[in-house]
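Next come two complexes, and both contain chain A; in the first it sits with chain B, in the second with chain C.
Presenting the complex of A and B:
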(Lines of atoms letter the chains of each structure in order from A and count residues from 1; the text may use other names and numbers.)
(Lines give C-alpha, C1' and ligand atoms only; values in the text may rest on other atoms or scores of the structure.)
Protein backbone atom coordinates (compact mmCIF):
# COMPACT_ATOMS: atom_id res chain seq x y z
CA UNK A 1 0.00 0.00 0.00
CA UNK A 2 1.38 3.41 -0.98
CA UNK A 3 1.55 5.88 1.92
CA UNK A 4 -0.23 8.64 -0.05
CA UNK A 5 -2.87 10.71 1.71
CA UNK A 6 -5.42 9.22 -0.67
CA UNK A 7 -4.33 5.72 0.33
CA UNK A 8 -4.47 6.64 4.01
CA UNK A 9 -7.99 8.02 3.59
CA UNK A 10 -9.16 4.87 1.85
CA UNK A 11 -7.43 2.81 4.52
CA UNK A 12 -9.15 4.57 7.43
CA UNK A 13 -12.48 4.32 5.61
CA UNK A 14 -11.92 0.57 5.22
CA UNK A 15 -11.08 0.36 8.96
CA UNK A 16 -14.41 2.02 9.80
CA UNK A 17 -16.41 -0.07 7.30
CA UNK A 18 -15.02 -3.45 8.38
CA UNK A 19 -15.32 -2.55 12.09
CA UNK A 20 -18.96 -1.54 11.55
CA UNK A 21 -19.68 -4.84 9.76
CA UNK A 22 -18.12 -6.94 12.56
CA UNK A 23 -21.38 -7.11 14.52
CA UNK A 24 -24.48 -9.26 13.84
CA UNK A 25 -26.96 -6.55 14.96
CA UNK A 26 -25.39 -3.97 12.68
CA UNK A 27 -25.41 -6.39 9.75
CA UNK A 28 -29.07 -7.18 10.48
CA UNK A 29 -29.87 -3.43 10.53
CA UNK A 30 -28.27 -3.06 7.08
CA UNK A 31 -30.27 -6.08 5.86
CA UNK A 32 -33.47 -4.43 7.15
CA UNK A 33 -32.60 -1.11 5.47
CA UNK A 34 -31.94 -2.93 2.19
CA UNK A 35 -35.71 -3.40 1.93
CA UNK A 36 -36.43 0.32 2.56
CA UNK A 37 -35.76 3.17 4.98
CA UNK A 38 -36.92 2.87 8.60
CA UNK A 39 -37.13 4.96 11.79
CA UNK A 40 -35.13 4.10 14.92
CA UNK A 41 -38.31 2.71 16.56
CA UNK A 42 -38.97 0.49 13.53
CA UNK A 43 -35.35 -0.69 13.53
CA UNK A 44 -35.37 -1.42 17.29
CA UNK A 45 -38.57 -3.51 17.15
CA UNK A 46 -37.33 -6.89 15.79
CA UNK A 47 -34.23 -6.90 17.99
CA UNK A 48 -35.75 -6.89 21.50
CA UNK A 49 -33.21 -4.15 22.18
CA UNK A 50 -33.69 -0.73 23.76
CA UNK A 51 -33.74 2.30 21.46
CA UNK A 52 -30.53 3.68 23.09
CA UNK A 53 -28.77 0.38 22.36
CA UNK A 54 -29.94 0.50 18.73
CA UNK A 55 -28.95 4.18 18.52
CA UNK A 56 -25.38 3.27 19.48
CA UNK A 57 -25.22 0.76 16.62
CA UNK A 58 -26.74 3.34 14.25
CA UNK A 59 -24.03 5.85 15.22
CA UNK A 60 -21.30 3.33 14.32
CA UNK A 61 -22.98 2.67 10.97
CA UNK A 62 -23.44 6.40 10.34
CA UNK A 63 -19.80 7.24 11.15
CA UNK A 64 -18.75 4.54 8.65
CA UNK A 65 -21.02 6.17 6.04
CA UNK A 66 -23.11 3.00 5.74
CA UNK A 67 -26.37 4.75 6.60
CA UNK A 68 -27.70 8.30 6.47
CA UNK A 69 -30.65 10.09 8.10
CA UNK A 70 -33.59 11.40 6.11
CA UNK A 71 -34.85 14.99 6.36
CA UNK A 72 -38.20 14.17 8.03
CA UNK A 73 -37.54 15.84 11.42
CA UNK A 74 -40.04 13.64 13.29
CA UNK A 75 -39.08 10.17 12.07
CA UNK A 76 -35.53 10.83 10.82
CA UNK A 77 -35.69 7.62 8.77
CA UNK A 78 -32.39 5.83 8.25
CA UNK A 79 -31.34 4.84 4.74
CA UNK A 80 -28.72 2.38 3.47
CA UNK A 81 -25.67 3.97 1.82
CA UNK A 82 -23.83 1.29 -0.12
CA UNK A 83 -20.74 3.24 -1.30
CA UNK A 84 -18.49 2.02 1.59
CA UNK A 85 -19.55 -1.56 0.75
CA UNK A 86 -18.39 -1.01 -2.85
CA UNK A 87 -14.99 0.09 -1.55
CA UNK A 88 -14.72 -2.88 0.85
CA UNK A 89 -15.78 -5.19 -1.97
CA UNK A 90 -13.11 -3.74 -4.27
CA UNK A 91 -10.49 -4.51 -1.61
CA UNK A 92 -11.79 -8.08 -1.34
CA UNK A 93 -11.86 -8.67 -5.09
CA UNK A 94 -8.04 -8.68 -5.12
CA UNK A 95 -8.21 -11.99 -3.20
CA UNK A 96 -10.85 -13.63 -5.38
CA UNK A 97 -8.26 -15.73 -7.25
CA UNK A 98 -7.25 -17.30 -3.91
CA UNK A 99 -10.67 -18.44 -2.76
CA UNK A 100 -11.60 -19.52 -6.28
CA UNK A 101 -8.43 -21.63 -6.38
CA UNK A 102 -9.58 -23.22 -3.10
CA UNK A 103 -12.98 -24.03 -4.58
CA UNK A 104 -11.32 -25.55 -7.65
CA UNK A 105 -9.22 -27.79 -5.37
CA UNK A 106 -12.39 -28.82 -3.52
CA UNK A 107 -14.11 -29.56 -6.85
CA UNK A 108 -11.14 -31.70 -7.89
CA UNK A 109 -11.34 -33.68 -4.61
CA UNK A 110 -15.09 -34.24 -5.01
CA UNK A 111 -14.58 -35.34 -8.62
CA UNK A 112 -11.91 -37.81 -7.45
CA UNK A 113 -14.25 -39.21 -4.79
CA UNK A 114 -16.99 -39.69 -7.40
CA UNK A 115 -14.57 -41.56 -9.69
CA UNK A 116 -13.44 -43.72 -6.77
CA UNK A 117 -17.06 -44.56 -5.91
CA UNK A 118 -17.78 -45.52 -9.53
CA UNK A 119 -14.69 -47.70 -9.98
CA UNK A 120 -14.73 -49.49 -6.61
CA UNK A 121 -18.19 -51.02 -6.30
CA UNK A 122 -16.89 -53.84 -4.06
CA UNK A 123 -15.76 -51.40 -1.39
CA UNK A 124 -19.20 -49.78 -1.44
CA UNK A 125 -21.00 -53.13 -1.19
CA UNK A 126 -18.90 -54.18 1.80
CA UNK A 127 -20.06 -51.12 3.74
CA UNK A 128 -23.73 -52.07 3.22
CA UNK B 1 -31.22 -13.88 9.30
CA UNK B 2 -32.62 -17.16 10.59
CA UNK B 3 -31.54 -18.02 14.15
CA UNK B 4 -30.39 -21.52 13.17
CA UNK B 5 -27.14 -22.82 14.62
CA UNK B 6 -25.70 -22.79 11.09
CA UNK B 7 -26.66 -19.13 10.72
CA UNK B 8 -25.15 -18.32 14.11
CA UNK B 9 -21.92 -20.06 13.17
CA UNK B 10 -21.69 -18.13 9.91
CA UNK B 11 -22.54 -14.94 11.79
CA UNK B 12 -19.78 -15.36 14.37
CA UNK B 13 -17.32 -16.24 11.60
CA UNK B 14 -18.31 -13.04 9.79
CA UNK B 15 -17.80 -11.10 13.06
CA UNK B 16 -14.25 -12.49 13.33
CA UNK B 17 -13.44 -11.92 9.64
CA UNK B 18 -14.66 -8.31 9.51
CA UNK B 19 -12.99 -7.47 12.86
CA UNK B 20 -9.71 -8.94 11.60
CA UNK B 21 -9.94 -6.86 8.40
CA UNK B 22 -10.61 -3.60 10.31
CA UNK B 23 -6.89 -2.84 10.71
CA UNK B 24 -4.42 -1.51 8.11
CA UNK B 25 -1.48 -3.63 9.37
CA UNK B 26 -3.53 -6.82 9.21
CA UNK B 27 -4.74 -5.97 5.69
CA UNK B 28 -1.12 -5.27 4.67
CA UNK B 29 -0.05 -8.65 6.12
CA UNK B 30 -2.70 -10.38 4.00
CA UNK B 31 -1.53 -8.42 0.93
CA UNK B 32 2.05 -9.58 1.62
CA UNK B 33 0.94 -13.22 2.04
CA UNK B 34 -0.97 -13.01 -1.24
CA UNK B 35 2.41 -13.04 -2.97
CA UNK B 36 3.60 -16.12 -1.06
CA UNK B 37 4.07 -17.52 2.45
CA UNK B 38 6.39 -15.72 4.90
CA UNK B 39 7.87 -16.17 8.38
CA UNK B 40 7.02 -13.83 11.28
CA UNK B 41 10.43 -12.14 10.89
CA UNK B 42 9.81 -11.58 7.17
CA UNK B 43 6.34 -10.21 7.91
CA UNK B 44 7.61 -7.88 10.66
CA UNK B 45 10.36 -6.37 8.49
CA UNK B 46 8.46 -3.88 6.28
CA UNK B 47 6.32 -2.59 9.17
CA UNK B 48 8.96 -1.14 11.54
CA UNK B 49 7.08 -3.07 14.21
CA UNK B 50 8.37 -5.45 16.89
CA UNK B 51 7.85 -9.18 16.32
CA UNK B 52 5.55 -9.41 19.40
CA UNK B 53 3.36 -6.63 17.94
CA UNK B 54 3.19 -8.47 14.61
CA UNK B 55 2.52 -11.76 16.43
CA UNK B 56 -0.56 -10.21 18.05
CA UNK B 57 -1.92 -9.25 14.64
CA UNK B 58 -1.11 -12.73 13.31
CA UNK B 59 -3.08 -14.29 16.18
CA UNK B 60 -6.16 -12.21 15.26
CA UNK B 61 -5.81 -13.28 11.61
CA UNK B 62 -5.28 -16.92 12.60
CA UNK B 63 -8.33 -17.00 14.91
CA UNK B 64 -10.40 -15.62 12.01
CA UNK B 65 -9.06 -18.43 9.81
CA UNK B 66 -7.49 -15.93 7.40
CA UNK B 67 -3.99 -17.38 7.77
CA UNK B 68 -2.48 -20.71 8.80
CA UNK B 69 0.98 -21.83 9.91
CA UNK B 70 3.13 -24.13 7.83
CA UNK B 71 4.69 -27.32 9.19
CA UNK B 72 8.32 -26.15 9.05
CA UNK B 73 9.03 -26.04 12.82
CA UNK B 74 11.83 -23.47 12.50
CA UNK B 75 10.22 -20.84 10.28
CA UNK B 76 6.53 -21.69 10.79
CA UNK B 77 5.70 -19.76 7.60
CA UNK B 78 2.29 -18.13 7.51
CA UNK B 79 0.00 -18.72 4.54
CA UNK B 80 -3.08 -16.88 3.31
CA UNK B 81 -6.38 -18.77 3.73
CA UNK B 82 -8.99 -17.10 1.57
CA UNK B 83 -12.12 -19.09 2.54
CA UNK B 84 -13.32 -16.52 5.15
CA UNK B 85 -12.94 -13.81 2.49
CA UNK B 86 -15.21 -15.80 0.18
CA UNK B 87 -17.85 -15.91 2.93
CA UNK B 88 -17.51 -12.18 3.66
CA UNK B 89 -17.70 -11.47 -0.07
CA UNK B 90 -20.88 -13.57 -0.37
CA UNK B 91 -22.45 -11.47 2.39
CA UNK B 92 -21.45 -8.28 0.56
CA UNK B 93 -22.75 -9.44 -2.82
CA UNK B 94 -26.33 -9.10 -1.51
CA UNK B 95 -25.78 -5.32 -1.47
CA UNK B 96 -24.21 -5.07 -4.92
CA UNK B 97 -27.46 -3.81 -6.52
CA UNK B 98 -27.38 -0.82 -4.10
CA UNK B 99 -23.89 0.42 -4.86
CA UNK B 100 -24.33 -0.27 -8.59
CA UNK B 101 -27.50 1.84 -8.51
CA UNK B 102 -25.41 4.62 -6.91
CA UNK B 103 -22.81 4.37 -9.68
CA UNK B 104 -25.56 4.53 -12.31
CA UNK B 105 -26.89 7.73 -10.72
CA UNK B 106 -23.36 9.18 -10.72
CA UNK B 107 -22.96 8.20 -14.40
CA UNK B 108 -26.24 9.95 -15.21
CA UNK B 109 -25.06 13.14 -13.45
CA UNK B 110 -21.73 13.11 -15.32
CA UNK B 111 -23.55 12.55 -18.62
CA UNK B 112 -25.81 15.53 -17.85
CA UNK B 113 -22.79 17.72 -17.05
CA UNK B 114 -21.15 16.75 -20.35
CA UNK B 115 -24.34 17.63 -22.28
CA UNK B 116 -24.53 20.97 -20.45
CA UNK B 117 -20.90 21.74 -21.35
CA UNK B 118 -21.54 20.91 -25.01
CA UNK B 119 -24.72 22.97 -25.31
CA UNK B 120 -23.59 26.06 -23.39
CA UNK B 121 -20.37 27.20 -25.04
CA UNK B 122 -20.94 30.86 -24.04
CA UNK B 123 -20.81 30.01 -20.36
CA UNK B 124 -17.53 28.20 -20.90
CA UNK B 125 -16.02 31.07 -22.88
CA UNK B 126 -16.92 33.58 -20.18
CA UNK B 127 -14.92 31.63 -17.63
CA UNK B 128 -11.76 31.87 -19.79
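Presenting the complex of A and C:
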Protein backbone atom coordinates (compact mmCIF):
# COMPACT_ATOMS: atom_id res chain seq x y z
CA UNK A 1 0.00 0.00 0.00
CA UNK A 2 1.23 3.47 -0.81
CA UNK A 3 -0.89 5.75 1.35
CA UNK A 4 1.07 8.87 0.39
CA UNK A 5 0.66 8.68 -3.37
CA UNK A 6 -2.93 7.55 -2.96
CA UNK A 7 -3.56 10.46 -0.60
CA UNK A 8 -2.09 12.97 -3.04
CA UNK A 9 -4.13 11.66 -5.94
CA UNK A 10 -7.32 11.86 -3.95
CA UNK A 11 -6.23 15.20 -2.60
CA UNK A 12 -5.83 16.95 -5.95
CA UNK A 13 -9.23 15.70 -7.13
CA UNK A 14 -10.83 16.87 -3.94
CA UNK A 15 -9.06 20.23 -4.17
CA UNK A 16 -10.72 20.81 -7.54
CA UNK A 17 -14.08 19.72 -6.18
CA UNK A 18 -13.99 21.90 -3.08
CA UNK A 19 -12.69 24.89 -5.04
CA UNK A 20 -15.55 24.48 -7.50
CA UNK A 21 -18.06 24.21 -4.66
CA UNK A 22 -16.74 27.31 -2.88
CA UNK A 23 -18.71 29.63 -5.18
CA UNK A 24 -22.45 30.24 -4.56
CA UNK A 25 -23.29 30.63 -8.27
CA UNK A 26 -21.65 27.31 -9.02
CA UNK A 27 -23.50 25.65 -6.18
CA UNK A 28 -26.77 27.07 -7.53
CA UNK A 29 -25.93 25.72 -10.99
CA UNK A 30 -25.33 22.26 -9.52
CA UNK A 31 -28.61 22.46 -7.62
CA UNK A 32 -30.39 23.33 -10.87
CA UNK A 33 -28.70 20.44 -12.71
CA UNK A 34 -29.71 18.06 -9.95
CA UNK A 35 -33.26 18.30 -11.31
CA UNK A 36 -32.17 17.53 -14.88
CA UNK A 37 -29.84 18.61 -17.68
CA UNK A 38 -30.00 22.16 -19.04
CA UNK A 39 -28.46 24.32 -21.77
CA UNK A 40 -26.20 27.30 -21.02
CA UNK A 41 -29.05 29.68 -21.87
CA UNK A 42 -31.38 27.88 -19.47
CA UNK A 43 -28.75 27.92 -16.76
CA UNK A 44 -28.05 31.64 -17.24
CA UNK A 45 -31.75 32.54 -16.93
CA UNK A 46 -32.16 32.70 -13.12
CA UNK A 47 -28.91 34.66 -12.68
CA UNK A 48 -28.30 38.30 -13.48
CA UNK A 49 -25.33 37.16 -15.53
CA UNK A 50 -24.32 37.04 -19.15
CA UNK A 51 -23.94 33.69 -20.88
CA UNK A 52 -20.13 34.10 -21.11
CA UNK A 53 -20.00 34.64 -17.33
CA UNK A 54 -22.05 31.49 -16.77
CA UNK A 55 -19.84 29.64 -19.25
CA UNK A 56 -16.81 30.51 -17.11
CA UNK A 57 -18.43 28.89 -14.09
CA UNK A 58 -19.40 25.89 -16.18
CA UNK A 59 -15.77 25.47 -17.23
CA UNK A 60 -14.66 25.35 -13.59
CA UNK A 61 -17.33 22.76 -12.81
CA UNK A 62 -16.37 20.74 -15.86
CA UNK A 63 -12.67 20.77 -14.97
CA UNK A 64 -13.59 19.50 -11.50
CA UNK A 65 -15.52 16.68 -13.16
CA UNK A 66 -18.73 17.82 -11.53
CA UNK A 67 -20.61 18.30 -14.81
CA UNK A 68 -20.34 17.10 -18.38
CA UNK A 69 -21.70 18.25 -21.74
CA UNK A 70 -24.27 16.32 -23.72
CA UNK A 71 -23.85 15.31 -27.36
CA UNK A 72 -26.64 17.49 -28.78
CA UNK A 73 -24.54 19.83 -30.97
CA UNK A 74 -27.05 22.70 -30.76
CA UNK A 75 -27.83 22.84 -27.05
CA UNK A 76 -24.84 21.02 -25.57
CA UNK A 77 -26.86 20.43 -22.40
CA UNK A 78 -24.88 20.22 -19.19
CA UNK A 79 -25.55 17.45 -16.74
CA UNK A 80 -24.47 16.66 -13.22
CA UNK A 81 -21.77 14.07 -12.56
CA UNK A 82 -22.40 12.54 -9.17
CA UNK A 83 -19.13 10.74 -8.34
CA UNK A 84 -16.91 13.69 -7.30
CA UNK A 85 -19.70 15.16 -5.20
CA UNK A 86 -20.17 11.83 -3.47
CA UNK A 87 -16.45 11.74 -2.77
CA UNK A 88 -16.44 15.23 -1.23
CA UNK A 89 -19.48 14.25 0.78
CA UNK A 90 -17.75 11.10 2.00
CA UNK A 91 -14.97 13.17 3.54
CA UNK A 92 -17.48 15.45 5.22
CA UNK A 93 -19.25 12.32 6.46
CA UNK A 94 -16.04 10.99 8.04
CA UNK A 95 -15.59 14.27 9.85
CA UNK A 96 -19.19 14.13 11.02
CA UNK A 97 -18.82 10.55 12.28
CA UNK A 98 -15.72 11.51 14.24
CA UNK A 99 -17.61 14.26 16.06
CA UNK A 100 -20.79 12.22 16.51
CA UNK A 101 -18.73 9.59 18.32
CA UNK A 102 -17.14 12.28 20.50
CA UNK A 103 -20.48 13.79 21.40
CA UNK A 104 -22.04 10.44 22.28
CA UNK A 105 -19.27 9.94 24.83
CA UNK A 106 -19.82 13.50 26.03
CA UNK A 107 -23.55 12.71 26.50
CA UNK A 108 -22.55 9.86 28.82
CA UNK A 109 -20.18 12.11 30.79
CA UNK A 110 -22.94 14.72 31.18
CA UNK A 111 -25.47 12.14 32.38
CA UNK A 112 -23.00 11.09 35.04
CA UNK A 113 -22.37 14.70 36.11
CA UNK A 114 -26.12 15.32 36.40
CA UNK A 115 -26.58 12.18 38.49
CA UNK A 116 -23.71 13.18 40.76
CA UNK A 117 -25.23 16.60 41.34
CA UNK A 118 -28.67 15.16 41.98
CA UNK A 119 -27.45 12.63 44.52
CA UNK A 120 -24.94 14.87 46.28
CA UNK A 121 -26.46 18.34 46.16
CA UNK A 122 -24.46 19.52 49.17
CA UNK A 123 -21.09 18.75 47.60
CA UNK A 124 -21.79 20.73 44.44
CA UNK A 125 -18.60 22.17 43.08
CA UNK A 126 -18.20 25.83 43.89
CA UNK A 127 -17.61 28.17 40.96
CA UNK A 128 -14.36 30.04 41.17
CA UNK B 1 -33.03 25.28 17.89
CA UNK B 2 -35.74 23.28 19.53
CA UNK B 3 -35.18 20.68 22.19
CA UNK B 4 -36.22 17.75 20.00
CA UNK B 5 -32.91 18.24 18.22
CA UNK B 6 -31.05 16.71 21.15
CA UNK B 7 -28.28 14.48 19.87
CA UNK B 8 -28.48 15.62 16.27
CA UNK B 9 -25.29 17.04 14.86
CA UNK B 10 -25.53 19.81 12.31
CA UNK B 11 -22.38 20.40 10.32
CA UNK B 12 -21.97 23.05 7.66
CA UNK B 13 -19.47 25.40 6.09
CA UNK B 14 -20.09 29.14 6.20
CA UNK B 15 -18.31 31.46 3.81
CA UNK B 16 -15.13 29.85 2.59
CA UNK B 17 -13.18 29.30 5.79
CA UNK B 18 -15.64 28.64 8.63
CA UNK B 19 -16.78 25.22 9.70
CA UNK B 20 -19.84 25.38 11.95
CA UNK B 21 -21.13 22.54 14.10
CA UNK B 22 -24.23 22.63 16.27
CA UNK B 23 -25.28 20.00 18.81
CA UNK B 24 -27.84 20.00 21.62
CA UNK B 25 -26.95 18.31 24.91
CA UNK B 26 -29.40 17.21 27.54
CA UNK B 27 -27.64 19.05 30.39
CA UNK B 28 -27.31 22.56 31.77
CA UNK B 29 -24.67 24.69 30.07
CA UNK B 30 -22.60 24.90 33.24
CA UNK B 31 -21.93 21.17 33.04
CA UNK B 32 -21.33 21.18 29.29
CA UNK B 33 -18.82 23.99 29.70
CA UNK B 34 -17.09 22.01 32.46
CA UNK B 35 -16.87 18.94 30.24
CA UNK B 36 -15.14 21.09 27.62
CA UNK B 37 -12.63 22.71 29.95
CA UNK B 38 -11.78 20.26 32.77
CA UNK B 39 -9.00 17.82 31.84
CA UNK B 40 -10.39 14.88 33.84
CA UNK B 41 -13.66 15.21 31.85
CA UNK B 42 -12.13 16.04 28.44
CA UNK B 43 -9.98 12.91 28.62
CA UNK B 44 -13.13 10.82 28.72
CA UNK B 45 -14.65 11.94 25.43
CA UNK B 46 -12.46 14.05 23.13
CA UNK B 47 -10.86 11.95 20.40
CA UNK B 48 -10.62 8.81 22.52
CA UNK B 49 -11.74 6.15 20.08
CA UNK B 50 -10.32 3.31 17.98
CA UNK B 51 -7.56 2.70 20.50
CA UNK B 52 -6.56 6.35 20.93
CA UNK B 53 -6.32 7.75 24.43
CA UNK B 54 -5.46 11.20 25.68
CA UNK B 55 -2.09 10.92 27.37
CA UNK B 56 -1.57 14.64 27.92
CA UNK B 57 -4.44 16.96 28.76
CA UNK B 58 -3.40 20.26 30.31
CA UNK B 59 -5.68 23.25 30.56
CA UNK B 60 -4.70 26.66 31.89
CA UNK B 61 -8.14 28.23 31.77
CA UNK B 62 -7.43 31.94 31.67
CA UNK B 63 -7.18 34.49 28.88
CA UNK B 64 -3.69 34.09 27.43
CA UNK B 65 -3.39 30.69 29.11
CA UNK B 66 -2.72 27.64 27.00
CA UNK B 67 -3.93 24.11 26.58
CA UNK B 68 -2.04 21.07 25.45
CA UNK B 69 -3.58 17.79 24.24
CA UNK B 70 -1.70 14.70 23.12
CA UNK B 71 -3.39 11.51 21.94
CA UNK B 72 -1.55 8.20 21.72
CA UNK B 73 -2.26 4.85 20.22
CA UNK B 74 0.04 1.89 20.79
CA UNK B 75 1.76 0.94 17.55
CA UNK B 76 0.72 4.16 15.80
CA UNK B 77 2.27 6.95 17.82
CA UNK B 78 1.29 10.35 19.12
CA UNK B 79 -0.71 13.25 17.84
CA UNK B 80 -0.57 16.56 19.64
CA UNK B 81 -2.20 19.94 19.49
CA UNK B 82 -2.07 23.14 21.44
CA UNK B 83 -3.66 26.52 21.62
CA UNK B 84 -4.25 29.66 23.66
CA UNK B 85 -7.48 30.86 25.25
CA UNK B 86 -8.51 34.26 23.94
CA UNK B 87 -11.90 34.76 25.54
CA UNK B 88 -13.53 32.98 28.44
CA UNK B 89 -17.04 33.56 29.71
CA UNK B 90 -17.71 30.58 32.04
CA UNK B 91 -20.74 28.60 30.91
CA UNK B 92 -21.28 30.83 27.90
CA UNK B 93 -18.40 31.31 25.56
CA UNK B 94 -14.91 30.03 24.91
CA UNK B 95 -12.60 31.32 22.19
CA UNK B 96 -9.24 29.66 21.59
CA UNK B 97 -6.63 29.14 18.95
CA UNK B 98 -5.76 25.68 17.71
CA UNK B 99 -2.74 24.25 15.97
CA UNK B 100 -1.63 20.64 15.52
CA UNK B 101 2.03 19.73 16.10
CA UNK B 102 2.16 18.04 12.75
CA UNK B 103 -0.35 20.30 11.01
CA UNK B 104 -1.60 19.12 7.65
CA UNK B 105 -3.29 22.41 6.94
CA UNK B 106 -1.73 25.87 6.84
CA UNK B 107 -1.99 28.39 9.66
CA UNK B 108 -3.67 28.60 13.01
CA UNK B 109 -7.40 28.07 13.45
CA UNK B 110 -9.58 30.03 15.86
CA UNK B 111 -12.41 28.16 17.53
CA UNK B 112 -15.43 29.81 19.12
CA UNK B 113 -17.73 27.75 21.31
CA UNK B 114 -21.04 29.17 22.49
CA UNK B 115 -23.31 27.52 25.04
CA UNK B 116 -26.99 28.47 25.07
CA UNK B 117 -29.32 26.89 27.60
CA UNK B 118 -33.06 26.42 27.28
CA UNK B 119 -35.24 24.19 29.47
CA UNK B 120 -32.20 22.46 30.93
CA UNK B 121 -30.79 21.64 27.51
CA UNK B 122 -27.73 23.26 26.01
CA UNK B 123 -27.10 24.12 22.38
CA UNK B 124 -23.40 24.20 21.65
CA UNK B 125 -22.27 25.96 18.50
CA UNK B 126 -18.68 25.46 17.48
CA UNK B 127 -17.30 27.75 14.80
CA UNK B 128 -13.84 26.95 13.57
CA UNK B 129 -12.33 29.69 11.46
CA UNK B 130 -9.37 28.45 9.45
CA UNK B 131 -6.56 30.64 8.17
CA UNK B 132 -7.63 30.22 4.55
CA UNK B 133 -10.04 28.50 2.20
CA UNK B 134 -7.32 25.93 1.48
CA UNK B 135 -6.94 25.16 5.17
CA UNK B 136 -10.67 24.47 5.56
CA UNK B 137 -10.63 22.21 2.50
CA UNK B 138 -7.70 20.27 3.93
CA UNK B 139 -9.51 19.82 7.23
CA UNK B 140 -12.67 18.55 5.57
CA UNK B 141 -10.68 16.09 3.57
CA UNK B 142 -8.73 14.72 6.49
CA UNK B 143 -10.21 14.13 9.90
CA UNK B 144 -8.02 13.73 12.95
CA UNK B 145 -6.94 10.20 12.26
CA UNK B 146 -5.11 11.27 9.14
CA UNK B 147 -2.14 9.30 7.94
CA UNK B 148 -3.27 6.19 9.73
CA UNK B 149 -2.92 3.27 7.36
CA UNK B 150 -6.27 1.76 8.27
CA UNK B 151 -8.17 4.90 7.39
CA UNK B 152 -6.64 4.84 3.91
CA UNK B 153 -7.80 1.26 3.54
CA UNK B 154 -11.30 2.30 4.53
CA UNK B 155 -11.19 5.24 2.16
CA UNK B 156 -10.13 3.03 -0.68
CA UNK B 157 -13.04 0.66 -0.01
CA UNK B 158 -15.36 3.63 0.09
CA UNK B 159 -14.14 5.02 -3.23
CA UNK B 160 -14.27 1.63 -4.90
CA UNK B 161 -17.83 1.04 -3.73
CA UNK B 162 -18.86 4.49 -4.95
CA UNK B 163 -17.24 4.00 -8.35
CA UNK B 164 -19.16 0.74 -8.68
CA UNK B 165 -22.48 2.32 -7.70
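Note that the second predicted complex is superposed on the first by the 93 of 128 C-alpha atoms of A that agree within 3 Å, B and C clash if a C-alpha of one lies under 4 Å from a C-alpha of the other, contacts with A are read in each partner's own complex, and residues count from 1 in each chain.
Rule of thumb we're sticking to: contacts are C-beta pairs under 8 Å (C-beta built on N, C-alpha and C of every residue); 3 or more make two chains touch, one makes a residue touch a chain.
Bear in mind the structure is a predicted one, so any value in this text is a computation, not a measurement.
Novice: Check the residue A:86 against both partner chains and state whether it touches chain B (first), chain C (second), both, or neither.
Specialist: both
Novice: In the superposed arrangement, does A:105 touch chain B (first), chain C (second), both or neither?
Specialist: second
Novice: For A:31, using the defined touch cut-off, is the partner it touches chain B, chain C, both, or neither? Pick first, second, both or neither.
Specialist: first
Novice: Examine A:18 and indicate which partner it touches, taking first as chain B and second as chain C; both and neither are also allowed.
Specialist: Both: A:18 reaches chain B and chain C.
Novice: What is the shared patch of chain A, the residues that chain B and chain C both contact?
Specialist: Shared contact residues on chain A (touching chain B in one complex, chain C in the other): 1, 11, 14-15, 18-19, 22, 83, 86, 88, 91-92, 94-96, 98-99, 101-103.
Novice: Which of the residues in chain A end up touching chain C in this complex?
Specialist: For chain A paired with chain C, touching residues are 1, 3, 6-7, 10-11, 14-15, 18-19, 22, 83, 86-88, 90-92, 94-96, 98-103, 105-111, 113-114, 117, 127.
Novice: Quick one: in the complex, what on chain B touches chain A?
Specialist: Residues 1, 11-12, 14-19, 21-24, 27-28, 30-31, 34, 80, 82-83, 85-86, 88-89, 91-96, 98-99, 101-103.
Novice: Which chain C residues qualify as touching chain A in the complex?
Specialist: 7, 9, 11, 16, 21, 23, 25-27, 31-32, 34-35, 41, 44-49, 90, 133, 137, 139-145, 147, 149, 152-153, 155-156, 158-159, 162-163
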